[in-house]
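What follows are several structures.
First chain A sits with chain B, and in the next complex the same chain sits with chain C.
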Partner chain A sequence: MHKISLLIFSTMLLAAPVYSAEPTGLDIMRLVDTRDDGDDLIQKMKQRLIDRRGDVREREMISLRKDYGRDSRSITYFLAPSNVRDTALLTWDYDGVEKDDDQWLYLPALKKVRRISSSDRGDYFMGTDFTFEDIKQTPELEDYNWVLTGSEMLGDQEVWVVEGEPKNDDLKKNLGYAKTRYYIRKDNHMYIRVDFWDRKGQELKHLVSEEIRQIDGVWTAMKGTMTNVQSGHRTELTFSEHRYNSGLSDREFSERMLKRGYRDSGQN
Partner chain B sequence: MKQFTAWVIRWPKLTIATITFITLLLTSQMQHMKIDTDTESFIPPGHEATLNNDRMKEIFGTPDLLWIGVIRESGGIYQSDTLRLIQSLTEQIRLVPGIVDQDVVSLSTEDNIYGTADGMEVEPFMERVPVDRAGLKKLEFALKAFDIYDGFIVARDGSAAAILAELEPQELLLGRGLDKFAVYRSVKSLVDEASKSGSEQFYVAGVPVAEATLGLYIQEDMGVMLPLVFLVLMLLLFFTYRSIRGVVIPMLVVTLSTVAALGIMAGTGVPMYPTGTMIPVVLMAIGVADAIHILGKYYELVLIRPDRGRDELVSETMAEMWQPVVLTSLTTAAGFLSFLMMGMVPLEMMGLFIAIGILYAMLVSLTLVPALLCLLPVRASKKLMQSTKESGLQNAGVVALSLALVGHWVCRNHEKTLLLTSALMFIAAAGASLVYVQDAYIANFQQDSEIVKADHEINRRFVGSYQRNILLDAKSADAFYDPKLLESVWAFQQGMESVSGVGGSISIADFIRRMHRVMNEEREEMAKIPDSPDLIAQYLLLYSFSGAPDDFAEVIDSEYRQANIRIFCTSDNFIDGTHVEAEINRLAHHYFDPIGVQWSIAGNAHVGHVQTEMITDNLRYNIMMTIFTIFLFAWAMMRSLVAGLFVMVPVLAAVILNFAIMGVAGVTIGWGSSMFTSVAICIGVDYAIHLLYKVRHEFERLRDIREALPLSLATTGKTIFFNAVVVVAGFMVLLASQMPPNQQMGLLVSAAMLSSFIATLTVLPALIMTAQPKFIFKVDSRGESL
Partner chain C sequence: MKQIFNRVLTHPKSVLLLLLLLTGVAGNQMRNIYIETDMDAMLPRHSDAYINKQVLEERFGSTDMLIIGVINDEKDGIYNTHSLTLVQELTDWLAEQPHFRTLALNDLLSLATIKDIRGSENGLDVEKFMDGVPENRAEIDYLKKRMHEFGVYEDVIVSADGSGTIFAVRPMPDTRHKYAEIYDMVKAKVEAMEARGGSERFFISGRPVIEGVFGVYMPQEMKRMQPIIMALLLLLLYLSFRTPRGVFLPIVVVLMAEIWMLGTMAALGAPIYTVTTMLPILILAIGIADAVHFLSRERLLAHYQAYAHRKERLIEVMHELWKPMLMTSVTTGAGFLSMLASDLPPIRDFGLFAAVGIAYALLITMLLLPAALMLLPEKEKHADRKPLFSGYVEWLGRAVLAYPKRIMAFFAVLLIISVAGVLKLDVNASLVDQFKPGDPIRKADEMLNQHFSGTTSLDVMIDTGRENGLLEPEFLQHLVDLQLEIEKDPMVGDSSSIAEFLQTMNQALHADDPAWKRVPDSSDLAAQYLLLYSFSGAPDDFETFMTGDYRQAHVRINMKTDETRVVAALLERMKGKTDAWFPEDKGFKVEWAGTGFTVHRLSEMIIEGQVASLAVSILAIFLLCWWMFGRLLIAAIAMIPVSLAVTVNYGMMGNIGIPLDIATALTGAMALGIGVDFAIHYLHRYHEESVAGRSYEESVINTNRSVGHAILFNSFVVVGGFLVLLSAALYPQMKLGALIAATMVVCYLATCYLFPVLLGLGRKKIRV
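The block that comes next holds the complex of A and B.
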């Protein structure tokens, strides 16, 4: 009996690619999750926060990231506006929910490093329209039910449309979403558009990723725009000067470096 | 006019059909009626307060807040069951369609930001409801230490907690097929459900509540008052005429004119404002007058010559009555049209549609009424016919008899009457000087109503639900990183918070002071504005990390050029408001003018204040305009300056007397009581016009004023008496309104009508006797043409 079911199961598994041309929603999200994003990265980031009247606040920063298996560390230095220059944020990000992330902040005008508490997934990232969940390469896959709803052309790209619904009300409340919908390019597994619905089922935000190109062999979106359709606020993030896999040392992600500030020459 | 009447008498059925058709057409429009209780609708669009308010909403959002107060008298709110209730109610409210999920604020939604030995913690005040004493104490302590929230989401004495909710902007609500009323109702039903469970009391207050409730009141008021006025009028008419036609004909006139006016209003897209509830009541009370006078004359003729044919009777009635009917309708309409110069849309529209209704009533009175009379057989009370036959019109009934006696007395004592009146006016003027202005939006509701109680409880325990906003413009970007400017803002706030009636304030300075303390190990002496602009910028950056992208949007703009100081006031009454606004002006001049920062005042409490100021300022102006308009009309139509003046005297005397009563009784001037004068003048002047016409008519016939006057009082005076009784009764119905301003207005107009009636029948004849004016005594061959 046991052997028979195993046999049927293996047959089905083998036959699957033949009978169903399309993978499941979860399969696709796994492809997105495992996409190569380099072992470390240095990049410049520009934030443009645009309020509903069209007034803009701009910030520029440079950020370094290094992967440690499933964990990662990153450090971000503000370059502009000048009155916040050298403000820096160091984050040790631990995979999973058991251990809170560690974060340290340096305010140059105070000349002190302060430890700050970690943020929740649904909190806004640096006061932008992105939440910490949105800014990650992929959301926590096991927290959502993923459903492939179809394939279509978006712009000149063939995409899968995958909908993710947080598995329970607590998750929905923490994330602030009742539903998300990803448009994922079939060729490189990058999502180029995400729509978000709030807990009342009303359209909340949408994210558009643009200028997708390969840098050092890694597929990279140079620009992402998150628009909150309810508040009329939006955030444009533009990235530049990427350097993947430059072999950043552990020293770069320390309190000492946080205080010292960013010096380009120090990287080489 | 004669030809017109002849045509009506010839084609009565066609006339009736035409009028019915037009009215039905207008009635069909009534389904489009909208209601507008917006607090800002009283202020003209271009006014500074509206512009500032629009600018504030544009830059800072700052919508009106819904305050849900949870009060636990015994032991305070820091008990696990109450906190659980607050948490679950907050969660439910966040999910109400039309409420901005992220902007619901209570102690279960907000983060505590506090300093530690080596850093800063951001964590919810209450992630889980504490179950032990230590946990409860810790929560209480944390909220007390966070001065931005103390008094805002929890009462300073710990007896209450607030859940603050924001409604989505109007356009967004409409897009979802919702409105303020619907959202309020959903929240209210959740609160009602929650209040069933335990030892807490729940209150809902705030501007959206007041507006929604007022809207509800308007609908309910209309539902109660219209049938009530109808009933009262029918009863009165029946007791007056004791005949079906005596009831049906006047009721037709008022019904048709009321539905026509409201139909035109709905059809032209004009919404029903709080003042709009007055329209049907005023129309019913006034519209009935035309029909009463026509019927009065008709019966007068019937009593003298019962044997004549109905067409002849109707023709003669109309020949004598069309002039006073047209004249009174036009002057009254003109008086109400003078409201159009007030500059406040709800009052303007009330005046306009009352005027339209009056003109429609005139049209119906000149067409439908004679047409109906032609179709009905001639009938009159046998008893009255008998007494008339025996001793003339002056003895037709008790009323006629007593009024004739009054006439005789005034004829003999006209100088005494005038002297007495002058003396009374002199005393009254002193009483009138005691009247002062006091009003509040909340005064629209009865003292013991739920909304007044909620307003009282919430404003007693929290910073206050009425907002005044000081908009600062520093003229250059990043100006608000300047420590000096922030110190001025803080000093201004300190000054304002010591003013009575101000419960608290929030500005960008609060957040910077808080951050400075947090980043310096919570040392109390560090709760201040730091000296370095860069540090301020870095604090704000850091603070922005802990919230939503538009968290500061309510207090500062993106460029850091403009800021919004939110002042929370505990009442919106006019006298407190005058004091608070004076202090704002004084302190803003002191702190902001020297450093070149431009400032202006906005906010719902300010708008309400300006509104009351405008209404009451307008009051004097409007009374003048009404008097002047009516005087001009009367002068032009009677072609006599003296007649114009005479017409005004009785009603003016009545109005002065009324102000005296208000002054002595302590009735203050608000939006309701401020309109009574104009309404009273508009209606009261009709009495004088009718009487003057009659006196002249009788004098022309009898050539003896001592006979003409008593006879006029016995006939037209009697009709005026019925008319006054009907108007007084009609306005007394306003006492059934749920809105105190309407009740006040009803009482005041009733009193004014009563005194106006008395003055018309005493002062006016006395004046005629004393002055012997030409327009009565010099009746020449042109007499009839006038």
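The block that comes next holds the complex of A and C.
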């Protein structure tokens, strides 16, 4: 992600055997948080929402993201279905919980940009099984108590198993989770599976990331499936046409662009 | 036949052992009995109300909710910090209970979960009405103002006058068998909250609660009534026989028959419904007759010492009695089996298993009594005491001959009054009305219906026939029209649909200008609103109003009553309108569901089944009588007392205002089946007297003297047995008990008073 942080990790990784101690749960989550995911990214995204009867609803969008230090901005244009084509969402995402994210939505049928009030972190996002908290790269680390519970093989990968419990009841209520469990690959610090438990302590959802490969030197999951085991509803996200570090300009993340709509030729 | 009887009497121990063994097997089966309180399970599986209910659940996740109302009669109603703190506390508590499903907004609706949609200067705000308990007057006033302006939840979640608010929570899908437990748990919680003081009062209702309480009441009732009716039987048997064997042998017979019947039900997987809880009582009351006849006859023959050996005597008793017993059992059975003409499983099961139980009672009587009497030591007979009521029976024989005109006049008046009553007969299959007035459940339900939009659900599902169909402005406008039309009914508290929310969003995105409270102008705009909403509110907020492909819409209606006539009138009125708004030839399909609709279909089927089973039973019993007596005229005469009794039965219901429901609908065929026995016994005896060459007068007196007693005893048992039901906690059983008891009285009177008069009308011609 950032050169400085990379430096710190390398140091840590080198240092680890010296102290011959296992990293703590928090150490590992920091590795996940600071993993290199490029400075900017253009990608195509397909959402498949599958309900318990197997009925499928699909959406396609193209999404641009740029990092600003620990903050980031993104703009997402809807391509399909046709009745929401050219609808676009601009998000200015601020690190930490102190400042609410800013979100604007352009509705082509109304020809107006509307600001959207910020959601609770535990609210579900766009009809998917992901909450606003889930779609972030990593949860807010300081809100959880992280515990490394062990190492194991998941598929053909060696993983750390880290459990995170929201620090207090208010947070649990807000996030909708009593506990989360991350399975994190030791080689590239990507989580490949996450289990979630609801506030009643019952298993709620699990997220599985698949088809992990390196694109432009960045480790990328091409597919993520979140399954709600209680409702039987599931969301499949597939990503394609990644372009990392193409040097997106600040202009791309403005209200003007939101209204103009996505034009491929407009990009480099 | 005699050979079979002989074999029974030669191996009495084996016979008893076999009976005990079978009873053991049946008793063992009884563990598998389960209770069915789901009203939809009372519908046949092919009924549209049953199917649509499944579709509603499957497509819109809409299931019956537990409802808690809190009412505060003080000036500000629930708009005060104390009440709102309780609202928050109870909401949080409900969300934490594992028995409730609380995934989506529509799983747990309360003032603390519902969301306000509001236009802001440059966007749309979707926020909870209550984000924590409001702390000061200003915040509370704002909450009150928004609730009123938003409108969607007014009267639904908060009563229009602010005096109360509601919690609706969805039980987990697999918790049906725990409904009673859930009710107790919720009750304990609200009682604890009430006990802390404050002017808030809590009321719990909703179908899960009603069905849960039913599930508790039913076995309790069965257990409670069994000893009462047994005591009654013991008393009557003692009065008749005054010997231990005379009292206990018939009791053992009917208990065995009861166990066999319940065992059969369990083995065949038939559940216990509200109406079938009455089966044991029924079998005790009806099954006892055969045993009483047997023992009376045996005692009589023993008294006259007509046979040297008791084996011969018993063979004679069996030989004499098997035919009339079989006949009366067959006619009674035919009355019950006619209930198979109904489409409703509870009524079908009731008829089928009553007939099975009657057959068992006959079989056990013919096996157990002779075998037991063979084994019991012969005792010196008591001096034959005059049976009770001998004076009355003697008087009766002469009285009917003395006052034929008065008797005719009495029955003619009764008939006229009854026919007038039949014309007033009403149908109602209300679930709540099955509880007595004053029952806490019924009171809670009344309270909730009074303050809020209503506890009875009625649902319309509209399939637009194509993806995104429900986003079309024209369709959305018709949804609005539909709601307006439905809400004209004073018994409809509220309705909601996706159109309502889209109107509100349209207004919110046009600076909250009320002029824009209308459906979006284009399908695309509607789609974009919904997408917009999904960023602010949870997307499953609307899953109960539409499917993900925007093809099917659901309008939810809350009604203040589940009375059939109201629902029927509403459906009738809506039919033409929905046909015009959602024409079938354009691919639309309108389907109704919900408790209101279930109740409506139930009552329709009650009437259809009622007419069919009455017709079948009258015909079957008539044909049986014709076959037994060999003469058409006699068969016709045999039908008169029961037909009269059945008419009086329905007339009484019409005159008193007892509607036909799933329990009272049984009375007709039941009365017919039981009552015709009286006529058969009477005619049989009269026939023998006539054949013996006695005059009309002598025949009447002699008939009364011999079968008058038996019929009187039968009437006492049946009337007494059904009067026990008056102590029931559930209304249908009370009503059924009273009706059958009264009908049996009429049947007795018609048999013993009217019959002889009728037979005397053409005394020259009518020779039975």
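Heads up, the rule we're going with is that the second predicted complex is superposed on the first by the 247 of 268 C-alpha atoms of A that agree within 3 Å, B and C clash if a C-alpha of one lies under 4 Å from a C-alpha of the other, contacts with A are read in each partner's own complex, and residues count from 1 in each chain.
Heads up, the rule we're going with is that contacts are C-beta pairs under 8 Å (C-beta built on N, C-alpha and C of every residue); 3 or more make two chains touch, one makes a residue touch a chain.
Quick caveat, the model's predicted, so the values are computed rather than measured.
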item: Contacts of A:I116 with chain B and chain C, given as first, second, both or neither; value: both
item: First, second, both or neither for A:T235, with chain B first and chain C second; value: first
item: First (chain B), second (chain C), both or neither touched by A:D51; value: both
item: Partner chain in contact with A:Y124 - chain B first, chain C second, else both or neither; value: both
item: Contacts of A:L107 with chain B and chain C, given as first, second, both or neither; value: both
item: Set of chain A residues, in rising order, touched by both chain B and chain C; value: 49, 51, 53, 55, 57, 78, 81, 83-84, 87, 104-105, 107-110, 112, 114-117, 119, 123-124, 126-128, 173, 199-200, 202, 228, 230-231
item: Chain B-facing residues of chain A, complex; value: 49, 51, 53, 55-57, 59, 78, 81, 83-84, 87, 104-105, 107-110, 112, 114-117, 119, 123-124, 126-129, 173, 176, 198-200, 202, 228, 230-231, 233, 235
item: In the complex, chain C residues that touch chain A; value: 58, 92, 95-98, 101, 103-104, 120, 122-127, 468, 471, 509, 520, 522-525, 527-529, 531-532, 534-540, 547-549
item: Complex interface listing, chain B residues touching chain A; value: 58-59, 91, 94-95, 97, 100-102, 116, 118-123, 168, 172, 176, 478, 481, 519, 530, 532-535, 537-539, 541-542, 544-551, 553, 557-559
item: For the chain A and chain C complex, residues of the former touching the latter; value: 49, 51, 53, 55, 57, 78, 81, 83-84, 87, 89, 103-105, 107-110, 112-117, 119, 123-128, 173, 199-200, 202, 228, 230-231
